[in-house]
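This is the structure I have questions about; it appears just below.
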Amino acid sequence: MEYKVFKRRINYYETDKMQVVHHSNYIRFLEECRMDFLDQLGISYDMLEQSGLMIPVLSVSCNYRMAVRYGDTICIVPKVTRFHGVKFEMSYKIYSEDFTVLHNDATSSHCFVGMDFKPVRIKKEYPELCEKFESIVGQDLLDIE
Amino acid sequence: MEYKVFKRRINYYETDKMQVVHHSNYIRFLEECRMDFLDQLGISYDMLEQSGLMIPVLSVSCNYRMAVRYGDTICIVPKVTRFHGVKFEMSYKIYSEDFTVLHNDATSSHCFVGMDFKPVRIKKEYPELCEKFESIVGQDLLDIE
Amino acid sequence: MEYKVFKRRINYYETDKMQVVHHSNYIRFLEECRMDFLDQLGISYDMLEQSGLMIPVLSVSCNYRMAVRYGDTICIVPKVTRFHGVKFEMSYKIYSEDFTVLHNDATSSHCFVGMDFKPVRIKKEYPELCEKFESIVGQDLLDIE
Amino acid sequence: MEYKVFKRRINYYETDKMQVVHHSNYIRFLEECRMDFLDQLGISYDMLEQSGLMIPVLSVSCNYRMAVRYGDTICIVPKVTRFHGVKFEMSYKIYSEDFTVLHNDATSSHCFVGMDFKPVRIKKEYPELCEKFESIVGQDLLDIE
């Protein structure tokens, strides 16, 4: 997979009284990055939901290393760290635009579920999706050093 | 109707880099006030939606007179200014806790719709709701001077 | 001015239980568009603030004509409708990506203020900014029909 | 310390297309709970900031066990799990109003910093604050079983 890094400007409404991006918004940036990542895998989350599959969040963790400010542009590098049929885990690194600053590192875990929120084993019902996840797990999408 | 004024503290995450509440959040405060107002009328919006009725927003307007800050508590006084079967309009005044400062005055208009977003004439299907709106239209709920 | 239309995908976290974009988020989209518009005028809002000038919102109004959904991309066309030294007004049209649907039309008004929130007459202190606003007022930036 | 549990209704704008509260909002609920907790300790965060002390978030983690929906009221029980002069850690349990459902368990870690974002050892400059944290660390504020 040739990954085009997820790049994103900070909006004014995402800052807070401390003059930096409010910490809750990073969780939203991760979601944006995840959706973009699925898109780049050739999977439209919108279409998935229309076909009856949802991917809720089971857990998130976020380490705030260096505050992001209004005027900044961030780059997020995601990685699928584990996948086994029903669940998967991702990690994320949020960098400055020039990759010299690591602002944040984060993880999230997810479950494939139906509209009733019951787990769905995607191997059978969504074989293409399953293959894509198997092909990408553990892979570094970008070479940063 | 004996109206208990909608009172609400400002959350830190609602502030922005200007050190005041971000202007978009007032629109959310109006929604909170509206839901609370329906509650006080004996109408649970949650139940309404479960019964197939939604009340989307057709328009909003907001005049920002004096910024609200973290640490502040606001009081909102709503009023149903028009109602005719399918649509209604509301106005709101957002005051400081002691009512000495008028921070914001606002309006919103709404339509009763079904799950298909088509207008619903509530007189027939929701007579109780209709009566409540008729009884409250044009009424000042609080005596501020 | 050659205006490049402000284009923007909808984020999942911007939707609500009605399955459409929550109405408060449009106010945020307008801000994004406004900042992008200033950028295109050659004005960095970030730099303006660093130099001591802020542009708070005095009022907003928003007409919700057709709901925007997750998966949609919107295009926003802004216009400076009035400007007189200290204050200015803008209008916005929010279209579908292909400009066949007008989702929303909105307005906002603003004041130039210093860090003490007191009005600033930009003609003297920010002549370049003033000229740019004068040159753009009343101008349709895009030809949509 | 006699702790009054932090109770909070869900706002409509906090839901998403999945018909449940968007996961990013829990991070905001934790902040609300933390500020309320400080208040109950007799510490106004607003005053702290005015005196030059800020308490940014270093990390958060959140486990989503059972979705919260519009119409729900949640109760959050916080706990200071570690404190050593400059940093502290908290844990949180988010329950249903009747404490029969554990919706979420979470943690956060924080640092006391000055307006320059440099760490501040509060023992010397904020002895009262320090004592309060020392007295509360490791303590279960509510007896839930």
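Chains here go by letter, A, B, C and D, matching the order in which they are written, and residues are numbered from 1 within each.
Keep in mind that, in the parts below, a residue touches a chain if its C-beta (ideal position, glycine included) is under 8 Å from a C-beta of that chain, and two chains touch if they have at least 3 such contacts.
Nothing here was measured: the structure is a model prediction, and the numbers come from that model.
Set side by side, B-C and B-D show the greater C-beta contact count at B-C. Among the remaining chains, D is positioned farthest from subunit C, on the basis of C-alpha centroids. Centre to centre, using the average C-alpha position, subunit A and subunit B are separated by 35 Å. Here the CA centre of subunit B is 25 Å from the CA centre of subunit C.
One finds 29 Å separating the Cα centroids of subunit B and subunit D. With touch defined as above, residues shared between interfaces to two or more other chains in subunit B number as follows: 12-13, 17, 24, 28, 31, 49, 70. By the touch criterion given at the top, residues 11-13, 28, 31-32, 35, 44-46, 49, 70-71 of subunit D touch subunit B in their complex. Per the touch definition, subunit A reaches subunit B in the complex via residues 12-13, 15-17, 19, 22, 24, 70. Put simply, subunit A touches subunit D in their complex at residues 17-18, 20, 23-25, 27-28, 31, 49, 54, 56-64, 67, 117.
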